[in-house]
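Please read the structure below before turning to the comments.
Read from first to last, the chains carry the letters A, B, C and D; within each, the first residue is number 1.
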């Protein structure tokens, strides 16, 4: 049984790794796309398997409730996105935007990204986790720049510089954590294992942990896209291929968030250490309000939703910063819902931009008339992301706002304000995108609706009914997070 | 038996108000004429006018709809019912509890509603002028009336007119709030009946007229009913003032025919006095501009509100 | 023990000093030379740590530092500068004096933050860590104040050097980290190189300001 | 059992919605959907009035928040509002069977109509905060979609936008309110909230939030601005529901929170209700008086009635706080009775406006006129609705207003001085609103239906279809019944009063001759039946006398034209000219009406011009500044979108230094 579990866990790493190497050599992009989808699906299957059998914590890889949530979520979205990118890439080739060499590169990088994210989630070693997150960053940098337009290159460049500064800060934090653990756990890997760190964290030197958390918060927070380290995020989303935008918003941000959460747990175990909550709450509120206001001035549809990702990451960070069973539950749920919804929105937006041949919001109008399916799914998606019931995001926002107002009314007011501001902006843009006189199409598309529909259906389901097992699981994780 | 007796009394009151209303108008006109050194027509002239109008055929404008033709009857009926519910010569009549003071105000309101609609029905500008001004005045007169109702019924502890009379007969002491209410009610009565200085019942100058403008298109029996209804309305207000502020001599519930007759006599006497006062007042003032009327009514509203506040506060002292 | 401590301290201090020299330097070639010095100082510090802590793998790190940072990178940077004909002097935001003052403030800050934090750790690590932090902050400061890609890269490198110093100071920290640092530096260098060439294809200069002008009304 | 039935009914409504979404192409779908909705609403109405075994029925479904489940409850209050909702829903569905034919793009309405109904039903049935808010916002979302249905007009898009933003503002307020009541442990069930012990400041804050939340949905000033925009933008059967029913659902939410969950009230709770309610009433009816768009006018009058209802609720709170059970019951019953009445005649009037819109394509009364000739039945029905709304006896509107005045007359017994001084003023406001309301509807009816046609469309109008007329007749009949037999309705409401204000009016059924006497017959009584008979008899008598003794002849002749033959219909008194006195008297208080008159001198040939521009102070003083400040902030922050990389790095750098300093200081 445990062998099966171990096999599944290592398959999560081995499959994408192998696929990445293999795909680098597959000429025909159709085959490549199929392989891509198949591998992603297999990986998802392994992740689901981990729900039932769990391997014992090893030196480098371990699975517990917390990272299991993230693994299942990210492998699932990885699979659907792979399915979506097949049709998207096909259109890009027909439109002559991408040459087949780049396609090979693209698919290889896609799997490499999957590999690095799974590694980051599974890692039982803070150093390994750091390596994995950075690897994920670098692969996405390369993918963002793939169109080779000046804008794309600039976006990638900006992403790279800010990302590597984040890398450095995170590494410094990691070193400090090791140093705080080393006197107790002795030299070597023992002082870098999550499992042993969590066990002894109460006795670590609090001062070192505080300084470490500052660096980790900023370092990994850069990947989360928190204000003021957010600057790379909108351009990276806007200039890269849309599947990558979906993956960035749906997965990479979560992986970085996962790292932050781990360290937060570490600090909250230590009584003498500074409370990580206020820092996260502050950054979260800043991101929410800033991104909410930035939404108004956006002219590019993908940038619009990129900023909305910043906003939602702010909400999630806020929730985890508030802590407590309700808020943590809400944070987890909100993270899952945001990943599903936002990637669905990007799927729709990708096809829309292909159909209209532009990303400018002024040039896209009346979608519900010209493309009913895409238009209405965009409406549903934005309604969901704006926190309207009966869709899942509402559930988490309900929990966040209510629990916050009961505990810290003064914090709930800027939260509600930010939600309202962002809501107004999104609704304003949605109104002009989806309604009114339709603008003419530039290109024919055969869109793949399945991923969009699946994601939105899941979000709707979550708003109406959460499976008790899932809920129990989330509550358990919420307890872990303290 | 008692019920039949009561119903008979009720019916008698209805006929009485119907009969007395034109007389009040005629009497007032006569006094006015005398005061202005004219001989004037006999007090019975209004009856003659009404009968003459009844005999004539009706001329209806081409555009008029059923609203126009139906309105006079509704106006007449509602005013009549309202007038019949005000205690005149006796209290505690069988239907007196069917509607209280507020309901009477509302009945007059529905009469006004239809009158204004009828004014709009022809599609000329006069009717419109009349209706819009009428509704504007009403918008201020009604709150004033309600305030007066508050004062009275808070002092008497009921909105039931018979009860009010029964309460005021023993102890109508001189109270500021009651005085204010009386003045306010006088103003409202003048405005609602379109008397000088608010409106001149005798004029037909388009720009100044309000009530006459609405009924400009009416003729024959329709006009007769409307004239009669406005006479009833005047009678109603007068008897309202009388029965609240001079409730003496009204036949108590269950009194015999003799008592009733005495009540009638007293009532007629009061009416004549009131008519005379009205005539004197009208001859001694001049008509005001239309857009000064709101201020006039606003004064009534303020008086009523002041009275109500006094009552509210005095209750707590 | 006392002597080892002093020497470690001296090398770390040297690193900080060279960081200040980097801040002070306003010619690109000079900048590259100073960076070479910086890398050498780093390798000395790491080497000393390797000897003092008697951990051979740190020698590897020191070697990596010398080889890559002191030889390969400066060389290729020079070639880039030549190839792209970058104008030779570096525009500094806010002028040198202010940057130096800010730098001193940063060093003070890192001492304030670190010294109380590391009372538990052994004295050898303490100063090192404080200096490492100040090197990191100075590197970041340099990236902020330089308006030219190459000098930004150098700032980033010096930042990484600070990291390595810290890692070396951390007793018994497994090889994983050093390799990863080197690894990241390598990747960083390669990708930057790629980007510089790409950018070269489209821009006359690698001044990042020009890059920003690529932005039209795209928002 | 009735609750289960009701939930099944809601499920069926949702099923109808899904079906309509899937089979939007078929021809018969319109009739099927509306017919099914009407039938299900009728069924739900039966569930509401069906006798419940226990007085309160609750159930929980494994939906919503997993550790809590979705709780539903059917008590007297929810039963009453369920009846109101589904009465309106059934009428609207039936009306739409005919009216829906006018829709060019039914696919944008059909799926949302049943869903909207389901949402409103669920709000009323909800028994925990989560279900309540989900259905509350679902209701807003579906109605937003229907407001957006005519999305080609820019003003409709703007209306929908403002509507949904205001709605979600309200929802956020309610979220906080419930969060406050639920406490940090998250006791979201209403039962837990009732039993929870709150700090002293909690109920006051919760009341304020409830006022914001429910008020913004009900249209309480100054949160009412979306209402006259959104209600007209939707198709008329939806406008009728939104105005006649949805606002009542908002009232339900308010009553549920304030009278049920907050516990025993303090007297000062009633102060904001009374002031806001009175202001809303007067404000709404004044704007209705100067409005020329028929549906906007109706929406404004809805605002007025909401104000009246809030005043009554305020009185009920005041009496309840002083433990004057009977008076509180009177005020509370008056409020609920007015809720019922308004849901009837406002729906009726919107249906009438819809019939006019369908027949002429016009909403502007300045372009209508003479419809009484071309659409006689609609004219009768609209007149009935207008009379009921203007509180003319013997119709239902009068009864509830009469009860409110009775409640005001009881208020001197209230001890607090603030109430003593406030309530008379509120009484004036009520009377003023009632009188202005009559004027407003004389104007609306007189201009739109009477007089001569002002446009070819009005001249060519045809009577509307049978379904629409049927629905309107049904509503008018209910109005008459509720006016003539008020005692029966009051007795059905009074259990709710007993449950929520702890008092009860005397059973009206026992009063002789079907009369009503709220306190005692000696104090005040009213008998709609006798008044009706009385009026009918005397009208008949008048007609009989006139025709028997006078002449019965009728001649048609031209109207008196003052010497200007064949004057054009434009010379009639129009809407804006009718409103002139109101404009002059009330301008510069709530709204600023600027009139420009350009009169040519003698000898000039150019025409004289006259224009009026109205400035809504609420918009210009409150909402414009908010909008401006948001736009300004957004524009200012936009600079951060275009920094150079150094700029971004320095942000990170700054953040790092700041946090390190923080840690250093914290040491």
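Here, a contact is a pair of C-beta atoms (placed from the backbone, for glycine too) under 8 Å apart; a residue touches a chain by one contact, two chains touch by 3 or more.
Not measured: the values here are computed from a predicted model.
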Inset, instruction - Mind naming the chain pair that shares the most C-beta pairs in contact? - result: B-D
Legend entry - Chain centre separation (chain A, chain D; CA means) in Å: 44
Inset, instruction - Could you grab the centroid distance between chain B and chain C? Build each centroid from C-alpha atoms only and quote it in angstrom. - result: 100
Legend entry - For chain A paired with chain C, centre-to-centre distance based on mean C-alpha positions, whole Å: 31
Legend entry - Centroid spacing, where centroids are CA-atom means, of chain B and chain D in whole angstrom: 35
Inset, instruction - Give the residues of chain A that touch two or more other chains, as numbers and ranges in rising order. - result: 157, 161, 165, 169, 207, 210-211, 297
Legend entry - Touching two or more other chains - residue numbers and ranges from chain C: 113, 116-117, 140, 143, 152, 208, 211-212, 215, 219
Legend entry - Where chain B touches two or more other chains, by residue: none
Inset, instruction - Kindly provide every pair of chains that touch. - result: A-C, A-D, B-D, C-D
Inset, instruction - Mind listing the chain A positions that touch chain C in their complex? - result: 125, 127-128, 130-131, 134, 138, 141-142, 145, 148, 150-151, 153-154, 156-157, 160-161, 164-165, 167-169, 171-172, 174-176, 178-180, 182-183, 186-189, 191-192, 205, 207-208, 210-211, 238, 297-300, 303
Legend entry - Of all residues in chain D, those that touch chain B in their complex: 369-370, 372-373, 379, 383, 387, 390-393, 398, 402, 405-406, 408-409, 411-413, 415, 417, 420-421, 423-425, 427-428, 430-432, 434-436, 438-439, 442-443, 445-447, 450-452, 515, 521-527, 530-531, 534-535, 538-539, 541-543, 546-547, 549-551, 553-562, 567, 569, 571-574, 577-582, 584-585
Legend entry - In the complex with chain A, residue positions of chain C that touch it: 113-114, 116-121, 125, 129, 132-133, 136, 140, 143, 152, 156, 159-160, 162-163, 166-167, 170-174, 176-177, 180-181, 183-184, 187-188, 191-192, 195, 198-199, 202, 208, 211-212, 214-215, 217-219
Inset, instruction - Within their complex, state which residues of chain C touch chain D. - result: 93, 106, 109-110, 112-113, 116-117, 137, 140-141, 143-147, 152, 208-209, 211-212, 215, 219
Inset, instruction - Using the touch definition up top, name the residues of chain D that touch chain A in the complex. - result: 62-67, 129-130, 133-135, 137-138, 141, 148, 151-152, 154, 157, 160-161, 164-165, 168-169, 172, 175-176, 178-180, 182-184, 186, 188, 205, 630-631, 633-635, 637-638, 640-641, 643, 645, 648-649, 651-652, 654-656, 659-660, 663, 666-667
